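Below are two complexes that have subunit A in common, paired first with subunit B and then with subunit C.
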Partner chain A sequence: MLGFIVRRTLWAIPTLAFVSFISFVIIQLPPGDFVTAYVAQLRNGGEYVTEIEEAMMRAQYGLNDPLLVQYWRWISAIIFHGDFGRSLEWNAPVSDLIWDRLALTLIISTLSMVFTWIIAIPVGVYSATRQYSFFDYIFTIFGFLGKGIPDFLLALILMWVAFIWMNLDVGGLISPQFEGKPWDTAKIINMLSHIWIPLVVLATGGAAGLIRVMRANMLDELRKPYVETAYAQGFSERTVVWRYPVRVALNPFISTVGWALPALFSGDVITAVVLNLPTTGPLLLQALKMQDMYLAGSFILILSVFTVIGTLVSDILLAWSDPRIRYS
Partner chain B sequence: MTLEATAAPVEPETASREEDLYTAKPWTLIWWRFRKHKLAVASLIFMIVLGIMAIFADFISPYTPFSFSKLNTFAPPSVVRVIHDGSLHRPFIYAVKRKRDPETARVLYEEDKTKVLPIEFFVKGQDYKFLGLVPTQMHLFGVSDRKQQINLLGTDSLGRDLFTRLLYGARVTLSAGLIGVAFSFVLGLALGSIAGYYGGWWDSGIQRLMEFIRSVPTIPLWMGLAAALPVAWDPLFVYVLITIILSLIGWTHLARVVRGRFLSLRTEDYVLASRLCGASEYRIVTKHMLPAMTSYIIAAMTLAVPEMILGETALSFLGLGLRPPVVSWGVLLQDAQNLRSISLAPWLLSPGIAVVLVVLAFNFLGDGLRDAADPYGH
Partner chain C sequence: MTNTTTNLPPERLLELKDVNVQFELREGTVRAVNGVSYHVNRGEVLGIVGESGSGKSVTVRSIMRLLPKNTSRDDGSILFQPKPGEEIRIDGLSSKSKKIRDLRGDAIGMIFQEPMTALSPVHTIGTQIMRTILLHRNCSKKEARERAIELLRKVQLPRPEQLVDNYPHQLSGGMRQRAMIALALSCDPVLLIADEPTTALDVTTEAQILDLLRELQAETGMSIIFITHNFGVVADIADRVAVMYLGQVVETGTVDDIFYNPQHPYTRALLQSVPRLGQSPVHRLKTIPGMVPDPFNVPRGCTFNPRCEFAVQGTCNVEVPPLVRFSDDQQARCHLAGKLPQEVA
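Moving on to the complex of A and B:
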């Protein structure tokens, strides 16, 4: 087991290096660089900057060096000093801007993952044990719809429905009147009345797919002889189903945690833009539009690192729960 | 994954039918199996109809996508009726009157129940070039009135007909999906076949690459790449680049299918036989192995289309993908970005419904094809 963990962790290191390189390439992609944008900003402010000064600045920041040298400077600052560079638009260090938002993204994604599982496991088990029943068909339709509706459209529709029928303004995470106030019961209730929409939106897409997976796995398992044996020994249906086939059918669930994370982060980014949540989404979008590339690159880097770690954890969990993987 | 297709491929009703089953060609068997999946057949018909409507969008739509009218902004969808004054009438719409709410100054439209505008077919309307070649004024349907319009899906903030724009947008969105899949097909086929055929180091290298791409959150990565495209570039060029960006990430599923098929076919007897006969590797791959997996590849490609369409829609919706004046479903949905415009004009969400329908249709179609892909399976 320990050997597996070490091997798997070592594998993650080249992946992380590659992810960080891609993020850096994205920072470099747009025409012009940090100095071009900075000088343009200065000139807009009425300052006079000569070409020579511009070239000197470029040399000072080391922008004439080869790409790999620049990459090394960027990544070593991040690894050794936690310095992600400066956001041009906000005129502040990137690390001051991102951690709050990343934490919130992580919280919402984790919550919706838990929510997804709470929906998907019982529904999948029900659909499999009552195959072709009325509710099985209902859940099948729900599954296909959940796969087909884009996240942002679902967010828009829910927001509209909440506004028309419940007269709730559900944009943002808390209502303006609670902004900056200390946390008390009223504020928490207010936040709960906002947070359900992103959770529902994110969970629907994931749950739709997982219900199908769970149902298919359960159907395979239920046909196996050991289930028959368990019934023959006189266990109740509940005991048989939940004790044996469900535990086997959950295996692919654990292995897809790693893939569910990137989907959740993607979904969170776009849902947050629609709902105006203070997570990574709106800031990332704005940073990309303004070509505030250090901010955008850091976001992409950290979100990707989260996913690599998530995949790592899910692989280790899978190996822990299924000895066949550990020893292969 | 199917509802109906689990049944036996063909019920042997008569002896001759059964004989047909044994002598039928693979593609006939695939078709018979596919036919059993009712939802997939319905989806196929829906997609064919939509495809034809998109190709002939300029003829079918009553207006042109950029013709605006200041006096027809945010007009609700026209209701097509057949009963006027209690008696049956040919399909018509009532004329609408534009009013303002005296308190909020909001524009309202009211039907004038006395003025009947029959829907006419093959009417003269705005100039356009049929399929970009033949200049003409003929539109499939419309109303002949100088001031009134027929807006099956309402109008947007500039008074442009949403039905017209939806049809023109279908051209861009659907073709972006298909072109994106074509690109990822090339990538997926090349890398998947190398991985599956040669195995060993090639296989584990390509496997790692695929795993890596799948572990990166797609939307932020797409956003990053799409944002790097300069705003000033030609919209058509941007369109091609966006599809390439989408396929750079989307090829992995296809490659996985191809790799899996290659792995299982590599050990088949007939491949060994052709190798013993001295066939070159190129010949073995193209003449013997690829034809055996065509049906699987088609199914996988069908299932990859909705991903491309959703990607294009999401990027354009965020303002990072295609930009006006290009009309795509994602661009149209930009108008429906905030609560205010949706509550004022809910019909602006109709491109979203179109997206959902198309994505569902491709999913059903792909499911049906995947079940039919192996006609000897059951």
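Moving on to the complex of A and C:
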């Protein structure tokens, strides 16, 4: 087991090097660069920028250097100094921009995943054990609706409901009067009154899909002979269902924990934009639009680190839960 | 319900009378078990033989009350007498009832056909056995574990102290079936139901498992209902035999009766399709003409008549045959029972 973890960790290093290089290259691929985008923005705003000024900016940012030199400048600073470079657009260190957002994203996505599981697993098990019952159909309808309604639309509806009917101020994670204040009880309560909307939105979409997955897995498992064996031992239905087929049906869930992590970081951009959440998604979107390559590159690098760690974690979890994997 | 007025003779462990089971499918109704009666005495091995679809597995599932959800009819009388004088009526019990759950795994153990999939893949052998022991016996985890190891030793598995912590996929098919037997014997059942336990195994392993079951039976004095489609296996292990065809018991008798003096044409045909030692050499083994009829269109009269070489038109395809009794043990459900021409050996 220890050897497995060490081997996997060592493999992560070349993977990450490769991913960081590829992402850096891809960000630079579209015609033009950050200066082109920036100057276009200035000109739209009515300012006058000469060609010479443009060329000077380019030289100042080192954008005329060959790609490999730029990449090396960026990656060596990260490796040797933990310095992710400066965001060209925000004119601030990348680290200042992303760590707060990463932490918030991590909180929201972890909470929404926990809620998703709390909803999806019992409902999926119920639907499978009472297949074609009244509530199975109800949950199926809910599942398709939840899958079918776009997250951002649900977010808009919930915001409207919360604003009109419940008199809550919505959008963002903290009310303006708490902005920049130290974290105390009042601020945390204020945050909790905001955070439920993104949680409901994210958990509904996720749970709708996972209910179907859990139901299908359970239907497969319930037909297996070991379930009948368990019944033949005299266990009650509840014991049989939760101790045997559910344990096996959870394995696909466990193996996808790792993918859920990066998906939650980048996947809910639209919802985050609609809800005005200070998470990573909107910032990454903006960085890519502006070709702000150090910011975007660092983001993608951190996302890939999370993906690699997530995959490793889910592999370890799966090995822990499924002995067939552990020993082969 | 435990009746104080006993209707069963004391040597009787289990008695089925006129058990019927029907399933509702999209294509129609299937009469899987059609008035089956048989009994098991204490310390006896009853072999049940029949082709697939003859209802032999469904009948034992109705004893265990493990019938599928689409069961539309389930009646007849099933009486179980774990101790002389203590009679339990099993028929009519809900599959979730406490009464049947107390019997399952305790007084009645069951082994299944597929040793590869009949054990939980994510629990150790020991955990699975211990759970059953802890469910039915009032004992500590440590005692349950010791008992699990002892059971694994009893089914002649090597290194039981280590095997107890192994997972099913680490064992070979034969070893898994031994572990399955250990699980079924967790609480010293008086009745072991074995549903084709050797069908999925190779012949050598099959012989070893049969030896083991015979030894365990002799040692514990339990009764076994042994389901198989293989007459050779029946000869090996059973004291009495019930032959099933299309949801009915067509003939019952002792092993000797069935093998040397079969009275039902179906039993005869089955025996002729199996090579026997001492048989005069034949060019080809006989086969039974036709196929098992579609369960939605069971033939009128005797269900075997379209495939029977002795069938008399006007009788066999019209009237349901009576049960003809030959001796205390042997009975056959055939119009021609006792009138069949002598077999040419």
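Convention: the second predicted complex is superposed on the first by the 267 of 328 C-alpha atoms of A that agree within 3 Å, B and C clash if a C-alpha of one lies under 4 Å from a C-alpha of the other, contacts with A are read in each partner's own complex, and residues count from 1 in each chain.
Note that in this section a residue touches a chain if its C-beta (ideal position, glycine included) is under 8 Å from a C-beta of that chain, and two chains touch if they have at least 3 such contacts.
Since the structure is predicted, the reported quantities are computational estimates derived from the model, not experimental observations.
J.: Classify the contacts of A:Trp72 with the two partner chains as first (subunit B alone), second (subunit C alone), both, or neither.
T.: neither
J.: Determine, for the superposed model, which of the two partners subunit B and subunit C contacts more residues of subunit A.
T.: Counting residues of subunit A touched by each partner, the higher count goes to B.
J.: Considering only touches as defined above, state whether A:Ile26 meets subunit B (first), subunit C (second), both or neither.
T.: first
J.: Please indicate which partner A:Glu228 is in contact with in the superposed arrangement: first for subunit B, second for subunit C, both, or neither.
T.: It touches subunit C, and subunit B stays clear.
J.: Just subunit B (first), just subunit C (second), both, or neither: which does A:Phe163 touch?
T.: first
J.: Looking at the overlay, does A:Arg212 come into contact with subunit B only (first), subunit C only (second), both, or neither?
T.: A:Arg212 sits against subunit B, while subunit C stays out of touch.
J.: One more residue to check, A:Ser236. First (subunit B), second (subunit C), both or neither?
T.: Only subunit C; A:Ser236 stays clear of subunit B.
J.: Starting from the residues of subunit A touching subunit B, keep only those that also touch subunit C in the other complex, and list them.
T.: none
J.: In their complex, what parts of subunit A are in touch with subunit C?
T.: 224-226, 228-237, 243-244, 247-248, 321-324, 327
J.: Taking the touch rule as given, give the residues of subunit A at its contact with subunit B in the complex, in rising order.
T.: Going through subunit A, the ones touching subunit B are 15, 18-19, 22-23, 26, 29-31, 140, 144-145, 147-153, 156-157, 159-160, 163-164, 169, 171, 212, 216, 258-259, 261-263, 265-267, 269-270, 273-274, 284-285, 288-289, 291, 296-297, 299-300, 303-304, 307-308, 311.
J.: State the interface residues of subunit C toward subunit A in the complex, per the touch definition above.
T.: Of all residues in subunit C, those touching subunit A are 64, 66, 95-96, 101-106, 109-110, 112-114, 117-124, 131-132, 135-136, 167, 169-170, 180, 183-184, 186.
J.: Which subunit B residues qualify as touching subunit A in the complex?
T.: Listed in rising order, the residues are 1, 3, 208, 211-212, 214-221, 223-225, 227-228, 230, 306, 310, 313-314, 317-320, 333, 336-337, 339, 342-343, 346, 349, 352, 355-357, 359-360, 363-364.
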